[in-house]
Amino acid sequence: MTTPNPIVPTSPASPADPANPIAGTAQIFDQGYRRYEGERTGVAGAMSSLVRATWRQALGLKRQTRNKLIPFMIIVFAFVPAVVFVGLAALLPDDFVNELPTYVEYYGFVVAAIYLFAAFVSSAILCEDRRTGMLGVYLSSPLDRRTYLAGKAIAFCTLLFIVTILPILLMLLAYSLQNAGPDGFGNWIETFAKIVLSGVAFGLVFAFPSLAVASTTDRWVVATATNAAMFPASAVVTDLLVGEGNLTPHLRLLNIPGLARELTFRIFNEPQASLWSRFDNPTWTLVLAALGWILVSGGIVWANYRRLLVRR
Amino acid sequence: MTPLLALYRVLSRNLLSRGRLTLIGMLGVLSILVAFAINRGNDGDPGLDAGVTFVWFLGLGLVVPIISLVLASSSFGDLVEDETLVYLWHRPSPRWMLAVAAWASSTTVAIPATVIPLSVAGYIASGFDLKVFGASALAITVATAAYSSLFVFLGLLVRRALIWGLMYLFIWELFVARVGNGAATLSIITYPSSILASIADVELAQADRSVLTGILVPLIVSAIAMALTTWRLDNVDVA
Amino acid sequence: MTDLSIPQSSNGIAPVTASAPPAPAAWPPADATVVAYDVSKSFKGVVAVSNVSIAITPGVTGLLGPNGAGKSTLLRMLSGQIKPSSGSVWVAGGDPRSDAEARGRIGLVPQQDGVFEGEKAIDIVSLAATLSGLDQPTERAAHALGLVEMDPGLERPVGTFSKGMRQRVKIAQALVHDPIVLMMDEPLNGLDPKQRRQMIELFHGLGDAGKTVLVSSHVLDEVERFGSLVIVIAKGRLAAQGDFRAIRGLMDNQPLRVRIQCTAGRQLGAALVASGSVMGCRVDSDSLIEVTTNDIRQLRRELAPFARHYGGRLEEVIPLDDDLESVFRYLVGDR
Amino acid sequence: MPPGAGVNVPNSETVPLVSARNVSKSYGSHVALSDVSFDIEPGITGVLGANGAGKTTILGMIIGLHKSDGGQLQVLEQDPWFAGSDVRMRLGYAPEHHTLPPTMQAADFVQHVAELHGLPKTEAITRSSDALWLVGLGEERFRPMGSMSTGQRQRVKLAQAIAHDPAIVMLDEPTDGLDPVQRDAMLDLIRDVAERFGISVILSSHLLEEVEQICDGVVIIGEGRTLASGSLDSLVNSEATGVVVEVDADDRAVAAFAAQLQARGASVTIHQRRVTIEGSDDSVFDLARDVCADEGLGIVRMSRRRLSLEDVFLESLG
């Protein structure tokens, strides 16, 4: 389609024309905008374009440097401990390597970075589209509200997995190279799977509530601030209620960071490290609570978007 | 209706968006819940210290400045953002009225959201001590009024007032002011904390001023902030 | 209208005296209600308006100019919304920036769409009335809404209004205190053709009642209906002020072209050339000619008798470049 | 691509691009459309209507955002409600508002919208660039859109609407906020898109002068009904007879001129200095000429009487 398109002259001069010896040695090409007759990719193509555009929007890619600043700073925060531990593992004698944090303990170092990332990215990808009228552009493309939200959610979750899975995989890789990783291939694969699974669980528990908050407003500053305050607040308040107020420990299921961490502990089957967020609930209630968070938050998002009058 | 009242009315209605009301309501409910928790944790001990510390730390330290910031900074901030300030600004009514209306509206919207839940929460957390209730109510009213005046000015001065305000709160009011005495004199939180400490007769860090000082200084701060806001209104370029 | 001028500076070649206003004796006119004296405005070193001196008298005046030429900036300086970097503004008795009373005599329709989204139309307009210190603000507001043909009883918040309805609320709040001077930045934007016509009639009525109505617009057909007085801003400077037909008359180096359709076109053209009223004549067909003239009035008078003389039926006489559009294009340097 | 393939106007001799038959739509008790019927043929069609007359609703229905309560709506031979994605893939849409993602570069934005409408990435990249060159923003295409002027944004909006080569492009107030010079340039561009590339244009505008300038067809919606639709020529040329003369004279002379005309049996109306002489045959031209010559009046302007679109519009609103 992009090859030059020669214009056939209406009455072409014959190359053999003796009176015009240079005829036929030149051509003028049709350039620039033209019709498109090729295949169209349909809704699937639109979704994939939406997901890629959302990644760029969240990370400030293909934009000026100041738009990249916040997301990349947070990502760096999430990776710094991993890099430090990898460095320590390389430098320290083998005996000490066992003293380094385990994979699941890593979340304790980066939970703040993760919820800041969730808070920032969720508002960046939802609020901006409403404020700039981009949502109207999407809804006049093959996408509709459902596919739009699905694309946004996919893009958001995959982004979150960058900070919930990758640093820990980095640790796994580095520890393995230091011979401090899991013994045997089977164990290695199992650990790998656990890391991915816990990263997914950890990410999803943060992802949906922050999307729900972002769906209520079109000002990203407000959404980011509310989200950033909501996660620690849910931890502090439930801890106070259960710890100080001796209320039912099931209230801890409302503690988003706590729930997320506890899920990872259960996946790795390790004793919990935290002293004050002690979960005694059986695992199935934790899973149920996580699903509840996801469903309720997803419902809030859908309710907000279903009613939304789109400015077109 | 006088111009001042009309301004007050439109500005308060502008502040009462669904999102803000939800936020305020949630914070109120949370404070009372936490207060109950503290009360239960006391197990019947006289909880004067616990109640005052709760009001001081969570109330004056966090809830009051943040609610004041959210409301007061958007009082002009929203108008600048929506480019509607001109409809109030261009009218011949005096500019100080506009400043005072903005302050009064954000304070009166904030007070039910701060004073009521936090004083009640302090009352509960202290094991139902009326002195704590009174002290909290006065201290929080003063703090809300003073913070609101500052943030009304900030909302007119800068575009991203929420972020600048949070930075000011966390760096100055909640950190530096609790470290040194000199800095404490120059921060708002010292004065309502002093009211709370004096009336309830409890020791709190950097809260050794008299009740009178505790009331007067925030009032003077509010007056200065209003004067600055009026000056800024006179000189601002309005879209 | 005698007050018209094309400052040399409009062509970018500023003579030494370009910043000085016209001779003080004649300027500003005694009945001027809006006067700007040598105002300039720059934003962070970028000049938006330079050295504009204008006086505006009662009646409807159209404010024109290309996008980015400083039109809105000038209007905002005249209304007092922004402070000139240099120069001074006087409107109806004072500087609108510092003098609240003078400001109170202005009705302002700003360019932006924003209104108080959560309020009802009647509340917005009566708020404006209250702030202007009027008694019975609700009655005044209902009256003003009636002027723009809106129902004062409308219960919906303005946030749900279409652009055209918001625009009329904006106009109503500007009219509610019966101002001496009305300044409106693109007030017809978003209105449908019927509403446009109503508003133009309203503006005419206000102008006839002795108000000074300053309206900026991008739509030249619309401005022609406001009346013939215009102010043209180009490249941050005052390019022209006055009756646009008179401005056209000052454009000496731009002869007028007229297209004529007449069954005896050829003979008519020859006769017009012979009489000296046209400088050139292009014959497009036997019945269609295009003539170029510097003496349009003589040409107009000769058309009917000459056509009759040759027994030609005159079917069409269309001046090609005496409208506001060509004046505009000339002044903003795009021909 | 074979030579000549670029000229591929959809064959719509028989089937219109958009056809509405008795379409109705209510929101609760509010009737937005009661009975709308029209056909939109290839070329440029202006959709006009008073504010709140249901114009936005019908445009929303064409892109499949609302379901009609009754009647039949066909866009590109499909029902847009049931085939929303397919229809929207072949539509281009430029919204009315001027806000565009401020941090995004124009080229990325146009590319993204082209991809959304089904173009593979490599195609989208080249066509984004082509479209931006076409609208005259070639050199500006890597600028963030937040730094662009209204005129440039309007061009970006056009570019994103046509980059994926739609069959129909819908432009909502495409000249809003443009100055006269920019407006003419934009209208030329739209003409170009329609004529050179065979993309049919549906545009909504409040400026009848510009609709008159570029549209081939017109649909007028009022109070939820179609008030008029058809080709522009058929609408403005119906029943218009007579001649309009503008004379170079003061009001009194104009009145005298009119009186003379009436004395010779003509039926005359005066609007400012413009005198309309009604009459079904062309002798009215001679009459106007003769009276002007006798009275020594200069003729400023003279033309066959023709309804303006504004007349049609206002009349159809009743």
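Per-chain numbering from 1; labels A, B, C and D assigned in written order.
The rule is short, and it goes like this: a contact is a pair of C-beta atoms (placed from the backbone, for glycine too) under 8 Å apart; a residue touches a chain by one contact, two chains touch by 3 or more.
What you see is a predicted model; the values in this text were computed from it and never measured.
Graph distance from chain A to chain D, where chains that touch are one step apart, equals 1.
Two chain pairs, B-C and C-D, are weighed by contacting C-beta pairs, with C-D ahead. Inter-chain centre distance (chain B to chain C, centres taken as mean C-alpha positions): 50 Å. Spacing of chain B relative to chain D, judged by their CA centroids, is 55 angstrom. Averaged C-alpha coordinates put the centre of chain A at 54 Å from the centre of chain C.
Distance from the chain C centre to the chain D centre is 25 Å, each centre being the mean of its Cα atoms.
Chain contacts: chain C has no residue touching two or more partner chains. If each chain is drawn as a node and touching chains are joined, the picture is one closed loop, every chain linked to exactly two others. Listed by chain label, the pairs that touch are A-B, A-D, B-C, C-D. Those residues of chain A lying in contact with chain B across their complex are 216-217, 221-222, 225-226, 229, 233, 237, 240-247.
Contacts from chain D toward chain A in the complex involve residues 1, 3-8, 56, 60, 63, 65, 84-86, 88-89, 91, 93, 95-97, 99-105, 108, 112-113, 115-123, 126-127, 130-131, 133-134, 144, 160, 162, 164-165, 172, 197-198.
Per the touch definition, chain C reaches chain D in the complex via residues 65-68, 162-165, 189-197, 218-221, 297, 299-301, 303-305, 307-308, 313-319, 325, 328-329, 332, 334. Chain C contributes residues 76, 79-83, 98, 100-101, 103-104, 106, 108, 110, 112, 114-119, 123-124, 127-128, 130-133, 137, 173 to its touches with chain B in the complex. Touching chain A in their complex are the following residues of chain B: 19, 23, 30, 33-34, 36-41, 66, 160, 162-163, 166.
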